[in-house]
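Common to both upcoming complexes is chain A, partnered first by chain B, then by chain C.
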Partner chain A sequence: MDEIVAEYIRRTVLKIPRDEIKTVLQKWGFLSEVQLQTINFCQIKENISQDVVQLCEENSAGIKQAAVLDIIYNHIYSNKRVWSVYQMNKTGEEMDFFDLTDFKKKFKRRLQSALTNVTINFREYEDNAIWIRIAWGTPYTKPNQYKTSYVVYHSQTPYVFISVSVLKSNLPLLCQALVAASNYHDIHEMELRSHSLNSLKDIVFKRYSQNFQSYYPRPIQERNVAPENSRINQENRNEKERIQRVNLEVFGDGPQPKLEFARYKLETMFKSDPQMNVLNKKEPFRCLVKFSSPHLLESLKSLAPVGMADAPLSPLLTCIPHKARNYFKIKEKKGVSPRSFVSP
Partner chain B sequence: EEEEGPLRKKSSCFPHIASSQGMEPGQGELTPAFSLAGEWQGKMEEEKAYSPHGVFAHLEMLEARAHEADMKEEEAKQQEEKLARLKARVQELTLQRDELQAKVDLQQKRQLEKEGVASDPAQPSAQAVLEWKIKRVKAMLQVFCLTGISGKLTKQGVCFCISTAYEGTCLDSYYLDLLTKPEVRILRHSIPIFIPLEQLAKKYLQTDIRRFLSVLSNHLNAYAARKYQADQLQEHFSDQIEGTLQTNSLCNLLVFNYNVPNKSKTFPFNVRLLYGDLCSSIPTKAPASLAEMAAAHSDLFCHVALHKAFRSFSDAGQSAAGAP
Partner chain C sequence: MSVLRPFDKLPALNSAILLLVGSDEGLQQKLAEAMLREKKSFRINIRIATSLPLPSEGDHLRPRIDLIAFMIDIKSKYSLRNVEASLAYVDASFFLGKVCFLVTGVGRLNCCSVEMSAIWKLREVYSSPVLFCELELEGIRVATAQRLLRMLEICAGLIPGVSALYFGSLMSRSANF
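== the complex of A and B ==
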């Protein structure tokens, strides 16, 4: 077995929490159940990883198997990466019979025609998600297995979730390959990023809980129980109910998708009488506001009920899941002073 | 009586017109129309006695039919109106019930506070009746959902709920929030991204909303049905399928292998189902390729040397297997 492969498998095993090494290896399916039973999973991770490598040596594992293990690891611990959503566009309306084998073939061919030293691996999951792992090399060096890019694509959707490697220079090539393989025409970044891949999917696939009004009886719709103390005055309760209602309208009644931050970039010109010659610079005034939280949307949702903000929050904050973006640029309307628009 | 006067006068001169006028939907008053028709029939019978040609008899029959149809239409309309009235009443009653419930709750609480323990024999029965009513209204709403498309007016428009089902199994529901002013526009929705909603909206939304909803519902139902079938196949027949079943998000392409036992041997079948019509749950292209291939092979055997025939098979196999 290749030295690089052995070391790669060893390091991948070391990344997994000890209690879960066994389940991950079972999912991998490369080592037989009998082989797995010979490993003592109670010893320190260093030793476990040595044992695993030894067994892999017996089965003569290649880079392909090692890559599959890495995909499984990244699928389970997808929160360790930052994912960015890309949208693809199509001009025609022709019917698309997406064929997985065809997609893989085209994708591989496109990348390999541009770069010979590249490792590409695929793995499909039940929800029609295709996971692609790409390890990049250069014409003169072997692919770097530790700086991989990951792509998650759901067939027949215009959205791609990409977690780029440190080697960003290969991103255009990757995008080209995706567009070609999935029969689209162009691709652009959507300004929506998060660690939680599933939340990003919920947002762009519209799976997050939106509060739709319908007569259809919902399974759970618990009315908030009136407070025990009836002396709480009516006015206070009315206000509380109003806040709750407004909040429900804006956020729905289910859990929010998980985002860690929202960034607003303001770019505006100082306005003054030009003759006064005060603050009449060509440079726009720039300001950056970043909201961050382990669970941004849930915290926004609870702002009003705890009394830290007025009830309908600014649409700039609440439009995040609807607009599917958490990076905003606020500029003056065009036409007011067109000279000032020079994108940095 | 004042209205009846001129009508009757007319009816004696132009019977057809009069009777149809009497039944015009806009006028809505039924009693004069009935009396008119009755009187007119009497007259017709008289005339029939005098002229045995049958023309009048025929006319009479036609009129009777028209009358009947009008009656039915009127009845349907009345029923519709009644339904609308009842619906409004349901809403009103629900509101009233909520108010009363709130009052009762408040009173109960006060009583409890005042008397400590209060046991009213009439209270549980009233509660039970209320609960029963709520249950009934809920059941009614559920019946509406069974139609597949239900809607509710919202502040700015309508929110439609499209429920899918396949062969008696209820599947997922999808929502569509529409703005109606200044023009019909989709505000939000929970329809899967791979359903061509935008195209459908461009085609029908502004012009024919009924059509839009029905086509969208067809798309969703067909998608749900295809997905359900694929899931069923995987769930119940996984022992007969070799390897994995390959599909895509829309489930409009299914690729799988299965064995067909024939005499003492089994033949591996490779199936590729194409669902060309997105509104259909039945493939448009069944694996005709199999029959074609078998035919081609037997054809080759009959015309080409055996080793050459096999060489062409393996060539075809390699090109099908694709890049390594």
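== the complex of A and C ==
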């Protein structure tokens, strides 16, 4: 077995938490159940990884098997990567049948013709998702297995989830290959990024708890029956109810998709009388606001109920799941009143 | 939009009413419960409001208010703006000793987003005492509850010989010198 492959398998095993190693290896299916039983999973990870490598040596594993193990690892721990969503467009309305083998063949050919040295592996999952792992090389250097790109493609949808490697220069090539292989015409980034792949899927496939009912019937007002005998009285009970209702209308009642950040870039021009000659530069003022939280949408949702913001939050904040983007650029409308902003 | 007046209702016998105004309802509730747990010789009633003016539909049920405590969370500019907006709905005669500012979050000055000068300015403009506390800490919450109770007792006129105005001027003196 190749030295590089052995080291790669060893390092991948080391990344897995110790209690999970066995289940991951079982999912991998490369080592037989009998072989797995010979490994003592209670020792330190360093020793477990040595044992696994030894068994892989017996089975003469290649880079293909090692790559599959990496895909399984990334599928389970997909939140270790940052994913961004891309959308593909078609020009015509032609219906064509999606053929997986054809897709794989075209995709591989496209990348390999450009780079020669590139490792590409596919793995299909039951939810129609195709996971693609790409390790990049150049015509003169071997593929770097540690700086891989991941692509998750759902064949029935125009959406692709890409987690790029450190080697960003290959991204245009990757996009080209995707468009060509899936018979689309054009691809663009949706400005939606998160660690949680499943939440991104929830947002673009509209699976998050949306609220279609725009009017919530108010319970009949029982006037003045608030218990006056208690020693603590809430004065703003109706206001509280209004906040709850507004929040429900905006966010729905289900859990929110998980995003970690939202970024707003503001560009605005300084407006003055041209004769006054004050700051007559054409350069706009730039301002960047970044909201970050372990669970951004849930925290936005609870801002008003805990009394940290006014009840209907700015639509710029609440439109994130609905517009499916968390990177915004706010510019002035051209030629209209200077106070109105538009977000493209 | 009614302005809150201190003397337009008759007082109830042997009882004192505190109005807590602030945006963080959880903390208000905790403080109110801490005050109820304290031993006292008079009945108290605590009204919790997020902002002023108070909703008019409860006007006829609301007893006379003896002390208003405005709560400012030093970690939230929003809470300061909320208090500043609410102050407009308080009658001037309330500021003769029946208003105090409760500044919470003092334990975490590194997350401070309200400038101290803004709070000093509130004290100057409304000539009302400022109490600093950290309501998230049990011990300080109890101590604050005791202080507020004592002030409430004075403001309700339950301590002979000490009026709210006298007490208020005493507090502002001690803070100035």
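To be clear about the criterion, the second predicted complex is superposed on the first by the 312 of 344 C-alpha atoms of A that agree within 3 Å, B and C clash if a C-alpha of one lies under 4 Å from a C-alpha of the other, contacts with A are read in each partner's own complex, and residues count from 1 in each chain.
Convention: a residue touches a chain if its C-beta (ideal position, glycine included) is under 8 Å from a C-beta of that chain, and two chains touch if they have at least 3 such contacts.
Remember, it's a predicted structure, so these values are computed and weren't measured experimentally.
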Chain A: partner with more touched residues, chain B or chain C: B
First, second, both or neither for A:105, with chain B first and chain C second: first
Which of chain B and chain C A:239 touches, first, second, both or neither: second
First, second, both or neither for A:185, with chain B first and chain C second: neither
Contacts of A:307 with chain B and chain C, given as first, second, both or neither: second
First, second, both or neither for A:158, with chain B first and chain C second: first
Touched partner set for A:329, first chain B, second chain C, both or neither: neither
Shared chain A surface residues [contacts with chain B and with chain C]: 226
List of chain C residues in touch with chain A within their complex: 19, 22-26, 29, 32-33, 36, 43-51, 54-55, 57-58, 61-62, 76, 78-79
Chain A residues within the chain B interface of the complex: 93, 95-101, 105, 108-109, 124, 128, 154-159, 204-207, 210, 212-217, 226, 230, 322
Contact set on chain B toward chain A in their complex: 105, 109, 113, 138, 141-142, 144-145, 150-152, 154, 159, 161, 163, 173, 175, 177, 188-194, 196, 199, 244, 246-250, 252-253, 255, 274, 276, 278, 322-323
In the complex, chain A residues that touch chain C: 223-224, 226, 228, 231-236, 238-240, 306-309
